[in-house]
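Before anything else, here is the set of structures, which you'll find just below.
The same chain A turns up in both complexes below, where it pairs with chain B and then with chain C.
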Partner chain A sequence: MNLLAYLSGEDGRNILSGLLNTCLLWAVGSGLGTIFGFLIAVARRYGPRPLDYLLQAGVEVIRGTPFLVQIYLLYFGGPYLCLSLGEASACLTLDPLEAGILGLSVYGAAYYSELFRAGFDAIPRGHIEAATTVGLNRWQTLTRIILPEMTMLVLPSMVNMTILMLKETAVLSIISVKELKFQVDIIGNRDYAFVESFTILALVYWALVEVCGVLGRAAERRLSRYRFAHS
Partner chain B sequence: MSIVPAIRVRGVVKRFADLEVLSGIDLDVPRGHVTCLLGPSGSGKSTLLRCVAFLEETSDGFIEIDGEPLGYGLGPDAKRMRLAASSIRAVRSKIGMVFQQFNLWPHMTALGNVAEALVTVRRLSRRQANEQAMAQLEKVGLSQRASHYPGELSGGQQQRVAIARALALEPRIMLFDEPTSSLDPELTGEVLNVMRSLAETGMTMLVVTHEIGFAASVATKIVFLDHGRLLVEGAPGDVFSKPRHPRIDQFLDTYLDRGAAGLI
Partner chain C sequence: MSWELFWLLVEASGLTILYSAISIAIGFLLASGICAAMLSAHRGAATAGRLFVSFFRGTPLLIQLLLVYYLLPKIGLNVSSEIAAILALSLCTAAYQAEILRGGFQSVPKGLIEAADMCGLSAFSTFRRIRLPVAVRLTLPALTSEAIMLLKSSSLISVVGVVELTTMAKDLASSTYQPLPIFAAAGLVYLIINLVVAGFGRLAERAAKRGHA
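Then we have the complex of A and B:
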């Protein structure tokens, strides 16, 4: 077994390009997932009741089905989803990378939105009442009090979810997104070197998770001064 | 006592679904004095205070702050009518509120907590706001702790910061909702001392408390609530000295049992 041989030459370059694509998918998917998730949580909290129900149903569907199935349906089923307005019509035909980013973002958004919702609920009512009594309006209360408090409450769960997002990117190889798992599959199939290639795969994902964990812990340390004193 | 009371409560009713918590309260809170609201748990005293801060909406009746209607007024058809949000904000700005649970914002330092509304509401520069906030912290004896986060302060210190935060906006009236109830006895004293010195400056204060000793020695008016009704009101001497209303006798017994006899 010679792991190092695969890390140089053509194979090495392919693995590196797969790694870069994986990092891109991870960063963009987690970033958009966080933003969409936050907007969903805000809309469910402050928006009209029917919107809350609609979004809740969406979140339930995403959380209730495997990511593998979702990404299949999006990539292969998308082209059948067409909108026609008179002469013009458009279908949801995406290339693998686009489908990967969209699917991962939607999947992440469902989970992140639930984290933020729990974060909103965990802020003591009194902290918001205190803001009201000193004259902060709704917007100021949201940006100055609720958001910062929620961030520190949900940070550990967000790190956790972001780690899961990295590992879900591997699923995208089945719709031929050229990410890490896809490149390593090619090598493994070519040489019948499944143990070697998947060992490399495991080690690289683990290294990325550790980087994420170190960053997360550093952020938590910075925020640990703000511990709740009571209640 | 001036003619217009600091707070005038008329016929205030508060219902939560089927439960009537306040059943028609009439009350005048005199300007420049300390008024203490006493009563057993569930008597409605905290709810009344929260209605005066407009944290709860009254179901009926009227509340006036410095002669101005809070939240509800009379419409042109002489019916009870909710007032505009701008009017509510303006009237509420005359009031400072201190909570049982302190409710400091945990992501801001003591100084940040006091300065926050000076920057966001009063539109002062950060430097001016910090200067004024520091002056308030000095008044409650905590300028040394300005850069500490709430999580790094004792309960008593947190409550003093909360008092400074309310005072920074220069309210005409201060409301206290059981300010010492979540403090152990040793820390209660430092908060009551700050409240005593605030009373000496002539601040109008309405205090919901279980500290009978504080009520007896600092308040000029005692109001006793029971089952959502105002049972007795008067000077501490009149309310506490015998012969007393039998309900107050019963209420005070629990405190006398706990060794507070010397204070009353």
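Then we have the complex of A and C:
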């Protein structure tokens, strides 16, 4: 099989657009997941008790069910989920890409929120008490003590989770999101080259994951000045 | 959604549990070997172990699954899609379990091993009485999470046509035009299974801790 032939012309363009879509899903899913995950963690820690229980239940449901089933529920079940106000009614009808981004963000938010929650819990109480004693207010304590220390604590698991998010984007090809696996699949099916196409896909994802891991370790080294010794 | 439909999902979940349990067991056996290779002084074996773990943790399970599914017939092994699916799941979970076990064995305090040496325990006795029990105790929570991860990932084998919970949910959803309640019910069944597994994990942790500080 002449691999280079696939990288030019129509096939090459499709593969490139698939790769871009994968990166888009990965970036947007991880980004929104991190933001919402952080908000969930903050709401659970500082919000009222019933909100904590409600969010905990939501997080457990997302973490306890397969991503594929969540995506099926959203993509196939969404159009049946309607909200009607008098005459007007709106249903959750999503195209594959929208369903993919929404599903990935919700899935990510549940996992990221648990990482942040563990990060909050791992900051020694003494540090926060010390900050209060020297006269820092709550906002200063958050931005100067809690966030920097937590960044260092959660970074390794954040990198792991972000790698997991990349791997989950491949699942979205099942609901025909036109990402990398979907595009390469089409070519593999057309040319009856299944093993070749999946081998190449595996190598591409592997390379992306390794790059992500290297970048994560570099970030850890750079941020190591925030590391503190555990008592 | 009727009870008959829900019961069909519960029945299909038996297959999900079966395939997952077989894969976790095979994966554990493979993982023990890979972990031993990674921790061995033999450079080649250590590198091969690390490469295996890196590949199977660095690629999407869906792609591993399809690769195994299409590769086996090509190299002359005409096996059913169930066998191909179990093989792919086993290889994937083996990589994750090997990494967990490696972490566990490396976290066994050096002082314990030195103390065992001082008491004159042989290398085998040290392994059986000190390193293994301590490592098992340290890795049980992570191994339980991995079992739950695999149970959830096993929904992907529906893609190669293996009948299990997700396949059944998808068939029922398209034949009854009720995707919303059926996928929600399938999610509920997965959730219940995972809660039970998590409960067993906690029981096992408590049993392993008994008699230890």
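Quick notes on this structure:
Heads up, the rule we're going with is that the second predicted complex is superposed on the first by the 223 of 231 C-alpha atoms of A that agree within 3 Å, B and C clash if a C-alpha of one lies under 4 Å from a C-alpha of the other, contacts with A are read in each partner's own complex, and residues count from 1 in each chain.
Quick note on the criterion: a residue touches a chain if its C-beta (ideal position, glycine included) is under 8 Å from a C-beta of that chain, and two chains touch if they have at least 3 such contacts.
For clarity, every value in this text was computed on a predicted model and none was experimentally measured.
Partners chain B and chain C, once the complexes are superposed on chain A, both fit on it without clashing.
When the shared chain is aligned, chain B comes close enough to touch A:Glu149, but chain C does not. Look at A:Gln140: by the touch rule set out above, it reaches chain B but stays clear of chain C. When the two complexes are overlaid on their common chain A, residue A:Asp191 makes contact with neither chain B nor chain C. Look at A:Asp95: by the touch rule set out above, it reaches neither chain B nor chain C. By the touch criterion defined above, A:Glu220 reaches neither chain B nor chain C.
By the touch criterion stated above, A:Glu129 is placed in contact with chain B alone, chain C being left untouched. Within the superposed three-chain arrangement, the count of touched residues of chain A is higher for C, of the candidates chain B and chain C. For the pair chain B and chain C, the least inter-chain C-alpha distance in the overlaid model is 22 Å. According to the touch criterion, chain A has no shared surface contacted by chain B in one complex and chain C in the other. Partner chain A is touched in their complex by these residues of chain B: 53, 55, 89, 92-93, 95-97, 99, 101-107, 116-117, 120-121, 149-153, 155, 158, 162, 165-166, 169, 182. The residues of chain A lying in touch with chain C in their complex are 60-61, 64-70, 72-73, 76-77, 80-81, 163, 167-171, 173-174, 181, 194-195, 198-199, 201-202, 205-206, 209-210. Of all residues in chain A, those touching chain B in their complex are 124, 126-127, 129-136, 140, 144-145, 148-149, 152, 223, 225-231. Residues of chain C that touch chain A in their complex: 54-55, 57-64, 66-67, 70-71, 74, 148, 152-156, 158-159, 166, 169-170, 173, 178-180, 183-184, 186-187, 190-191, 194-195.
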